[in-house]
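Going in written order, the chains are labelled A, B, C and D, and every chain counts its residues from 1.
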Amino acid sequence: MTFVRPVFRHPDLPKNKLGYTRKYYEGALSTLCAGCGHDSVSGAIIQACFEMAIEPHKVAKLSGIGCSSKTPAYFLSNSHGFNSVHGRMPSVATGANLANRDLMYIGVSGDGDSASIGIGQFVHAIRRNLNVTYIIMNNGCYGLTKGQDSATADVGSINKSGSANMYQAIDMAGLALELGASFVARSFSGDKEQMIPLIKAAMSHPGFSLIDIVSPCVTFNNNKGSTKSYDYTREHIEATAAVDFVPFMPEITTQYAEGDSISVPLHDGSLVHLNKLAHDWDPLDRHSAMNRLYEAKSTGEILTGLIFIDVEAPELHGILKTVEKPLNRLNKDELCPGEQVLKTINAGFR
Amino acid sequence: MTFVRPVFRHPDLPKNKLGYTRKYYEGALSTLCAGCGHDSVSGAIIQACFEMAIEPHKVAKLSGIGCSSKTPAYFLSNSHGFNSVHGRMPSVATGANLANRDLMYIGVSGDGDSASIGIGQFVHAIRRNLNVTYIIMNNGCYGLTKGQDSATADVGSINKSGSANMYQAIDMAGLALELGASFVARSFSGDKEQMIPLIKAAMSHPGFSLIDIVSPCVTFNNNKGSTKSYDYTREHIEATAAVDFVPFMPEITTQYAEGDSISVPLHDGSLVHLNKLAHDWDPLDRHSAMNRLYEAKSTGEILTGLIFIDVEAPELHGILKTVEKPLNRLNKDELCPGEQVLKTINAGFR
Amino acid sequence: MHQLNALNDFVVRFANVNGTGSASANTMFAKAIFRMGIPVSPKNIFPSNIQGLPTWYEVRISEKGYLGRREGIDIMVSVNPQSMPKDIASVRPNGYFIYDSTKELHKEFIRDDIHYLGVPMMQMCMDKFADPRQRQLLKNMVYVGALAALIDIEIPVLQEIITLQFKNKEKLIEANFQALEMGATYVREHFKCPLGLRLERRDKVDDWIMIDGNTACGLGAIYAGATVAAWYPITPSTSLVQAFEKYAKKLRVDPATGHNKFAVIQAEDELAAIGVVIGAAWNGARSFTATSGPGVSLMSEFLGLAYFAEIPTVLVDVQRGGPSTGMPTRTQQSDILSAAYASHGDTKQVLIFPSTPAECFDHMAEAFDLAERLQTPVLVMTDLDLGMNDNMSPPLKWDDSRVFDRGKVLDEVQLEQLDKFGRYLDVDNDGICYRTIPGTHPTKGSFFTRGTSRDEYAAYTEDGAAYVRNVDRLLHKWETAKTYVPAPEFYQDEKQSAIGIIFFGTTTYAALEAVDILKEQGVVLDAMRVKAFPFNDEVREFVDAHDRVFIIEQNRDAQFRSLIINELDLRPSKIASVLNYDGFPITAETICNQIMESLIGKLSPAFVVHEAAPPSQSDVEE
Amino acid sequence: MHQLNALNDFVVRFANVNGTGSASANTMFAKAIFRMGIPVSPKNIFPSNIQGLPTWYEVRISEKGYLGRREGIDIMVSVNPQSMPKDIASVRPNGYFIYDSTKELHKEFIRDDIHYLGVPMMQMCMDKFADPRQRQLLKNMVYVGALAALIDIEIPVLQEIITLQFKNKEKLIEANFQALEMGATYVREHFKCPLGLRLERRDKVDDWIMIDGNTACGLGAIYAGATVAAWYPITPSTSLVQAFEKYAKKLRVDPATGHNKFAVIQAEDELAAIGVVIGAAWNGARSFTATSGPGVSLMSEFLGLAYFAEIPTVLVDVQRGGPSTGMPTRTQQSDILSAAYASHGDTKQVLIFPSTPAECFDHMAEAFDLAERLQTPVLVMTDLDLGMNDNMSPPLKWDDSRVFDRGKVLDEVQLEQLDKFGRYLDVDNDGICYRTIPGTHPTKGSFFTRGTSRDEYAAYTEDGAAYVRNVDRLLHKWETAKTYVPAPEFYQDEKQSAIGIIFFGTTTYAALEAVDILKEQGVVLDAMRVKAFPFNDEVREFVDAHDRVFIIEQNRDAQFRSLIINELDLRPSKIASVLNYDGFPITAETICNQIMESLIGKLSPAFVVHEAAPPSQSDVEE
């Protein structure tokens, strides 16, 4: 149990545009281990949704199986949730999204869930540019089954039982870049400042938005020698930029300096503002992003922040040219061609 | 039926080091469509094995399901073959290889087989650096189920029914590079000169050797507008280098000029000689290879040849530290700890 | 030699090479007979290959309307040298062998008990047409022309079909007419036409249509308002979603915007396909997938989730020869058990068994209603025979007053009025609870869907008692399901016999023919066609009312028999099996033989089931 | 208040918070009793969670050697406030509730029909130990110490176990001794020790061991010569392959080179795991995987391939609560049907059902022999109860003269002598053909393995007759299998009753206890434990010899009953079920009640099955 929430809340708690307090965005009490990185990510999701004043019931939250995949129960209790089967959240999210393009979809997964059993569905969700905020709570191990190495464990990373992983790590951000993902970010569960604007930007981005979040497993993979421990991550972190998310407002007031800062306008009118820390890197250029990521990897840095964004790529509904009205709201008259048409069809088969 | 082979063969046909003619390396009669690219790849495999004087019964050939996956029946009839289930050849090959490290493994797959249903197993076979020559007969479509687009079909490529593919293509070579594959090559079924030395080098390379071969489907995807047709491929091909394979011999006689040519010594003493056509590219450097590939893709070129090779990466048996003697030849005495040991074990549980 | 005489009652088989365009000519042949008002039943027997291997097309013509397969080839049209020895051997004594005589027949191919009719098809096409591809295609029209003259197909009917098929391609129409004429003229000049086997126009097909089951299923999904289809190509189900997409593009595009009121996803595999379907269904869209055996195996984990989490899911299993990759282009009914009990743990899945294209259409619409009413997967079990062959069928029917039964879904108003929503509360005591669709209400009705045990309010629990309450409710729902699924069909007004016969799906035609034949032989059987699992009370009553029951099915292990014994706690000794599992559709002859063998104890050798009119003594001129 | 009196016959349950290190203390408790020569049966009841949720450890002590679970908690040791209300409620009347009295018990927690024994565990540890983590761990030793004094566990035995456990960690040993002593002293000072429920050294455990089934299976695989293991983590099977790997690292490393005579692959998922196993087996290595229900569902396509292509494949299904993700940390036997008929098409898979760790070991070795002898998958069906709990068991036995039965494999010499090799030729007329391992011979014996139909020489064919020959041969092989699989075990020398009882796997102990209890009540039952599917003749004979047969199983749908009725064509009305599916191991009481209810028609309320000695009148001092 990570924390026991006070029952009483002060009436003057801050409210968002819709008049809701942060509490409105919370979920059930977490049953994860005290200190688990995943709980911080849940916290960031709650905060981002609260600040963006999203209607929780307009969000659907989906996951696979794992400690990470349990978290949708711990945020947004007014949202429908779907804890599906191991590794298959992307397909379920695809179906859900096709049924109703008007909701916002948050997919939560673990590194076991997404990089092993679910890697095929991950790859193909990217190919389709499914409009989902896809959060991987990446701890380099299988938490729920007690700490086996996952496919994102780095070569040489030492697990709790003391043995070093010998297999190549899959870099989920690198993979997504290679596959043509339209939004690729990485973060760290210990870095709330960065997670929150990234989640907001991801939710505003129409298309597949990956946030691969290093989220240490305190119980099984926070030991010395692990490259996914809190300490290691904190020491090796390297941010692409300081990220700021500016929601759409009729008049934008914030002003940014020229030079190494860049503002990316999103589809819905909001802006992602990046105060670049890396200089020879252009978040709008895939090749540049790949290079930056590769370099960071070579020098042992964990590159975080928004790595790449393509605001033009059509999302799945665009590709499929579906109608504006959600498919699940079309009624019989809109769907069923009727008796007369069937007669003509029959005639064609005589 | 692609060709009907003459029954009579001239007795003076050339023989290889083992005294076998090329015929010894053939398989059953192909049942693929006349002109199918896959048959040319089979021909190149036969030729490579013949020239390398491989003992066919020391080869195991494995595949999934598809026209491409049928081809192991059409080469090396003295090899054991395993036509498994759709997309799952990599796991079966992994098991086979673990059982007997002394055989040579040729895995044949299609783009449907490897890039869709089998992408997970493909990714993880690379992660493990499984010692297999992995040939994808890539036609951008599902031949055996009559021509649906596959996940390697390029955006905008037009299929036989006239519609354009709208989804991102998976570049199997690019993916393999990103995932850390130790041998990445691409070729074209119409380019025997290139395929044969690449297959030889792949077979000599200890580790995962991908050869992604554009192999047009004459029946369903050879039409105008398809980017996997013979004509399109021929027009857009761009080779990294002229490849030459020099098997190990006590004294190497061939001499190569300096400069843009490079010789990569393989584990078994053979050499891959590359006469580089691309200049700012180093086949031994992954980043350089990724860049070269990315650039080619951006300009619409189909980059072929050996793209990257890492001769140092340990293959799966190295990672697992298995004994030299094939596991399937260990006998009871070598495996069973015996009665006495069990008594001690029992004692530990009292 | 004897000559076969039969009017509107014989079997013609075409032996072709696949990939040579024979399908279109062969279909025209069948369709022309159909348009002459004579019942006809064509079956495609094709290899798992794209080009170059033998393929057959077998057409049974039956004035009596027997649409099952029949053993024994009366006329073989052979244009494939590769399979010729086998094809010659399969002609029944006194039958006809029509072949391309461009090359002379080898002597070893000559049987002295069949008639040979050589037509120099290739030669004629070489002489007449320039383009090599056209020559090959038109060769097929030549033999259709020859047949027309030999068995009296009305040439204008064929011409009409050609004209329609090549609408606006005058040149092609012209060439096809010529080829047809060439074939007809040649046989008229060289043989006595018509043969003893011949056709005569009738009025026996009513307003029926000829359509494959997959297309009918696809149309059913359109009419049922399915909006999301996800699939992965696999023979013999591929054409089902393709048909859905084709008709959706015609009938479901918003004319104003050109936008689609449907979404089709060719998934990366079967696991993803069913995942998409489940996700869409959870979110309130009608969605479905179609696959075959290997796909059902791969989908089984997800089917367990849908059963347990109670998600309406529609899946069509177009069965083929198993196990494993098996015989991918042959028919079987061998996924019964793996579908009925799909997935680990205690699961039971609803199955429905259409047997005609019209029923494919109806059952598909029914499947969506049932799935939503019962909040569970519904598997429509067809097979290659029904799915991929053109089957004669009553026309597809739709009643515009029909409404979609979306089952128990709470809308915003209902939620507003509700005190506390319990997703798994059995409010109506029928085992079916109320669900909500995401996005309905800001604060009421949201719940967490999962594959783990939970209480009535969808909260995770590991409490054994709560688990038992939940799975017992699922059993209660299963009982309820028996009252919703389609009832069986009976073929007699009241009990006539102590012996019953049960069948389902594509064995129907052969079964009904067998019933007629056996009746002629003095063996009267009561017949029941089962349309759904769980078995409703009428099924049990039928079995109880008979001392002995035969179950006809197309698999080795008598899977349907297992299912019915198991679910109805029947005494196995009274249930006998009629089995056929060689990949070909069962024949009435097989059914009669197996039943008689079982009843009499041994096979009566004289029990030759289908014999056309006794052969006359006259020889054909050749 | 009454006091319970019982010697070596009661149930103690510990209520802990998971992730707090209680497992090790609880295990010591059980082990100490075991070492006192008293039969003991501990069960871990844990949540699907890593830290913070309630977890229980329940120990049944039974001098008579009844190792099944028993209803009714005699002593509850409660150190989890979260579950306290429930824990208090579950103590039987007159039972004991031992709790941490550091904080006073809330009044609402006081029942007046049970005894409360407060021990200030936390306080004592706070006072004594400095390190916070140590405090928490040692608290667990305090209650073990308290129990030792209360029920007469021999302290030296506990000390011995501690010493062994913390070998060479003197400080830890010291601290544990102290905690133990503290607990014991406290209760001796505050309560009358021992209680009426107490222990006395016996000699009732022979040379038995205490080991979990997964470890025993892993060891079995080591002894059977398995060299390749591929798996994907899933509760409750995870520890099985981990045990294999652990022992392989000890026993299978070449001392000269340090290289491994085994390979373990943690696959990317279950489909890959079984694929690796099949590939290795095809290539002549003994290989296996272990999984649970969801894994079996995912593996079902591959299991069909292995069945049809005839690849020896060993799979352990450590069953858990289904369907779907179900109750992942609870036990069931609910994958029977999905395992027996795994995969689409006509398939039948060999199952074996161990019921003790010793049998896990033996059956595992047997599974490899069977799989290779029969060239087919063999599924070892255990469950969470057997696999993850420490079970008392006869010691593991291995006979050094035993040889591995590799089945019909042709070597180079045999191939050389062979005229023509036919992979699927039934040479010996037992349905089992000869196979070859890749690389054996340069020109003879190579063949093409596939999941499609083929002829006797492994050549692809779509010929219906060849297909039928092949699948009929597989049925013939199935008949042969009946003579190879382990025979059932009987618990009487000859027939004693018209009523039989059948069980398998982990229901054995409860079943045998029930048989004893019923016998005392005058109801005599003949008992049979089935060890394998297909059912051999002895199984049939037993059923035939009895008028009424009860089948005990732990699933909702009576899956084993379905299987046996179906495969042996039994009359369902004579087969009754005893079912338990709430996720907890079945008790003798449940079995007796269900049987009596069925026999008498209603449940006799007086039929209380397990009652320790009648409560005495004396009160405990408190």
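Assume a contact is a pair of C-beta atoms (placed from the backbone, for glycine too) under 8 Å apart; a residue touches a chain by one contact, two chains touch by 3 or more.
Since we're looking at a predicted model, the values are computed, not measured.
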* **Chain pair with the higher count of C-beta pairs in contact (A-C, A-D)** => A-C
* Structure fact -> If chain centres are mean C-alpha positions, then the most distant from chain B is chain D
* Asked: So how far apart, in whole Å, are chain B and chain C when each is placed at the average of its C-alpha atoms?
  -> 40
* Structure fact -> So, in whole Å, the Cα centroid of chain A is separated from that of chain C by 44
* **chain A and chain B, separation of their C-alpha mean positions in angstrom** => 35
* **Shared interface positions of chain A, touching two or more other chains** => 85, 116-117, 119-120, 123-124, 128, 151
* Structure fact -> chain C touches at least 2 other chains through residues 48, 268-269, 294, 301, 305, 324-325, 450-452
* Structure fact -> Residue set of chain D touching chain B in the complex reads 34-35, 207-211, 219, 222-225, 227-228, 230, 247, 251-252, 254, 257-265, 267-269, 271-285, 287, 301-302, 305, 395-400, 403-404, 436-443, 446-452, 460
* Inside the complex, what are the residues of chain B that reach chain D? -> 55-58, 60, 62, 72-73, 77-85, 88, 90-100, 102-103, 120-121, 123-124, 128, 317, 320-324, 327-328, 330, 332, 334-339, 341-343, 345-346, 349-350
* To do: State the interface residues of chain D toward chain A in the complex, per the touch definition above.
  => 19, 48-53, 232-235, 238, 266, 268-270, 294, 324-325
* To do: Mind listing the chain A positions that touch chain B in their complex?
  => 116-120, 123-124, 126-129, 151, 166-168, 170-171, 174-175, 178-180, 287, 290-291, 294, 298, 314, 319
* State the interface residues of chain C toward chain D in the complex, per the touch definition above. => 47-48, 293-294, 296-298, 300-301, 304-305, 307-309, 321-330, 332, 334-335, 337-339, 341-348, 450-453, 462, 464-465, 467-468, 471-472, 475, 555-557, 559, 562, 565-566, 569-573, 581-584
